[in-house]
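In the two assemblies presented below, subunit A is common to both, partnered first by subunit B and then by subunit C.
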Partner chain A sequence: MTSTQHEICVTSELANLANIGVFVSERARLSGMSEKQVFQVQMAVDEACTNAMVHAYQGDPEGEVRVCCYLEGNEFVVEVVDQGQVFDATAVPEPDLGKPIEDRDIGGLGLFFMRKLMDSVVFATPSEGGNQVIMRKRIGGRSS
Partner chain B sequence: MSDASQEPQASALIAPAGRLDASAVPALDRKLSAALEAGFRHLTVDLSQVTYISSSVLRCLLLAHRQADQQESYLELVQVHPRLMDTFELCGFDRILHCSPPSLPSVV
Partner chain C sequence: MQISINHLKRCDLIALSGRFDSSNAHELQAALRASMDAGVFRIVLDLKDVTFFGSAAIRALVQAYKECRRWNRGDVRLAAIPERIKEVLDLAGILPLVQIYDDAVLAVGSF
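Moving on to the complex of A and B:
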């Protein structure tokens, strides 16, 4: 069963990341998540929105980023949608965290955090274009 | 007798505050780069007032750490909140970035 959806829609300025963080944290907290889980959800959403602003819109602050939260059963679900250039997350290699610092490629950390902090992360390309990221986290589930 | 005011300062302190997401990177990068280019040998980043760090900021700190290593300077992070430490541990940065008390820093 899906709950009422709550949504925030902002322009693709990095300055709006803070507003999104406040919105998502409030929704996650109201869902009954622990403060640690709230922090993790906020971080995953921040990374997804940063990707939309930096990669999909390539820094253009006039784009639109929509974040929608709802409950589905015992899961807190967040959708991040943009209308920017299609971003192929599967083409981004995971960072090799075992490499020495001098050899380490520093890209891919945002996607790494999204996958680590959420129970499920799905990337989609809506028919109308842009990108959609659907992230799920079980309330009261793992928080590490 | 040496004049202490003429000696280069050995250490510097940077103390960002609040939420450090991607929008905070340019300012933090400028401060870190300025301190390293000024030749400070010991650069301390006090995170006691920081509530959040995104991957963009971690990249910025990692690059500063690399630059510090290359010029034989020392970059350390102090007063890291446990929740931020969780983030560092998750990506292994806790094994890379140093954490120790600052030594007589001066504000950049």
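Moving on to the complex of A and C:
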């Protein structure tokens, strides 16, 4: 069963990341997640929104980023939607954390966090254009 | 977000507070750069009052860490890392590599 959806819609200015963080944390907290899980969700959503602002809109602050939260069964679901250039997340290599830090290319860390901190991350390209990222995390599940 | 820099005898102590995300990580990068440009490669980052530390801030930290450690000329050491931030740094594989201290006094004293 899906619960009521709660949404925040902001321009693609990086300064809006803080507002999104407050919104998502509040929704996650109200869903019954632990503070640890709330932080993990905030972190993953911050990285998804950063990708939308930096990569999809390529730094243009006039774009629109929509973040929508709802519950589906025992899962907290967050959707991040933009109308920017299609972003191929599969083309971004995972950071090699096994390498010594001196030799490490630190790129790809945002996507790495999203995948690690959420139970599932799905990237979609809606027919009307842009990108949609759907992230799910079980309330009280692993890493709780 | 706030950054305050203390030039000490042994090192620079950079105290951070608030939220560090992609919108302001460049300010952290600039603070670290200013120390390094002044020839100071021994830096303590006091994270006691940090509430959020995203991948852009981690990139700034790693960049400075690499640069300070080059030719064994220095190090970036972390102090008073809040639990949630510690988990994130651990996930990024950084925690086992850097020296961490319970508070800034111990971190400064380690140099």
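Heads up, the rule we're going with is that the second predicted complex is superposed on the first by the 143 of 144 C-alpha atoms of A that agree within 3 Å, B and C clash if a C-alpha of one lies under 4 Å from a C-alpha of the other, contacts with A are read in each partner's own complex, and residues count from 1 in each chain.
Here is the rule we use: a residue touches a chain if its C-beta (ideal position, glycine included) is under 8 Å from a C-beta of that chain, and two chains touch if they have at least 3 such contacts.
Fair warning: this is a prediction, and the values are worked out from it, not measured in the lab.
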## Note on the structure
So, after the overlay on subunit A, do subunit B and subunit C clash or fit? They clash
### Message
If we overlay the two complexes on their shared chain A, which of subunit B and subunit C does A:V86 touch? Say first, second, both or neither.
### Response
neither
### Query
What is the contact status of A:L30 with respect to subunit B (first) and subunit C (second): first, second, both, or neither?
neither
### Message
After the superposition on A, what does A:G110 contact: first (subunit B), second (subunit C), both or neither?
### Response
both
#### Entry: First (subunit B), second (subunit C), both or neither touched by A:A15
both
### Task
In the overlay, answer first, second, both or neither for which of subunit B and subunit C A:V122 touches.
neither
#### Entry: Doubly contacted subunit A residues - partners subunit C and subunit B
14-15, 17-18, 21, 36, 39, 42-43, 46-47, 50, 53-54, 95, 97-98, 101-102, 104, 106, 109-110, 112-113, 116-117
### Query
Which residues of subunit C touch subunit A in their complex?
19, 21-23, 52, 54-56, 58-59, 62-63, 65-66, 69, 84, 87-88, 91-94, 97
### Task
Spell out the residues on subunit B that touch subunit A in their complex, using ranges where they run on.
19, 21-23, 52, 54-56, 58-59, 62-63, 65-66, 69, 83, 86-87, 90-92, 96
### Of subunit A, residues touching subunit C in the complex
13-15, 17-18, 21, 35-36, 39, 42-43, 46-47, 50, 53-54, 95, 97-98, 100-102, 104, 106, 109-110, 112-113, 116-117
### Task
Would you pull the subunit A residues touching subunit B in the complex into a rising list?
14-15, 17-18, 21, 36, 39, 42-43, 46-47, 50, 53-54, 95, 97-98, 101-102, 104, 106, 109-110, 112-113, 116-117, 144
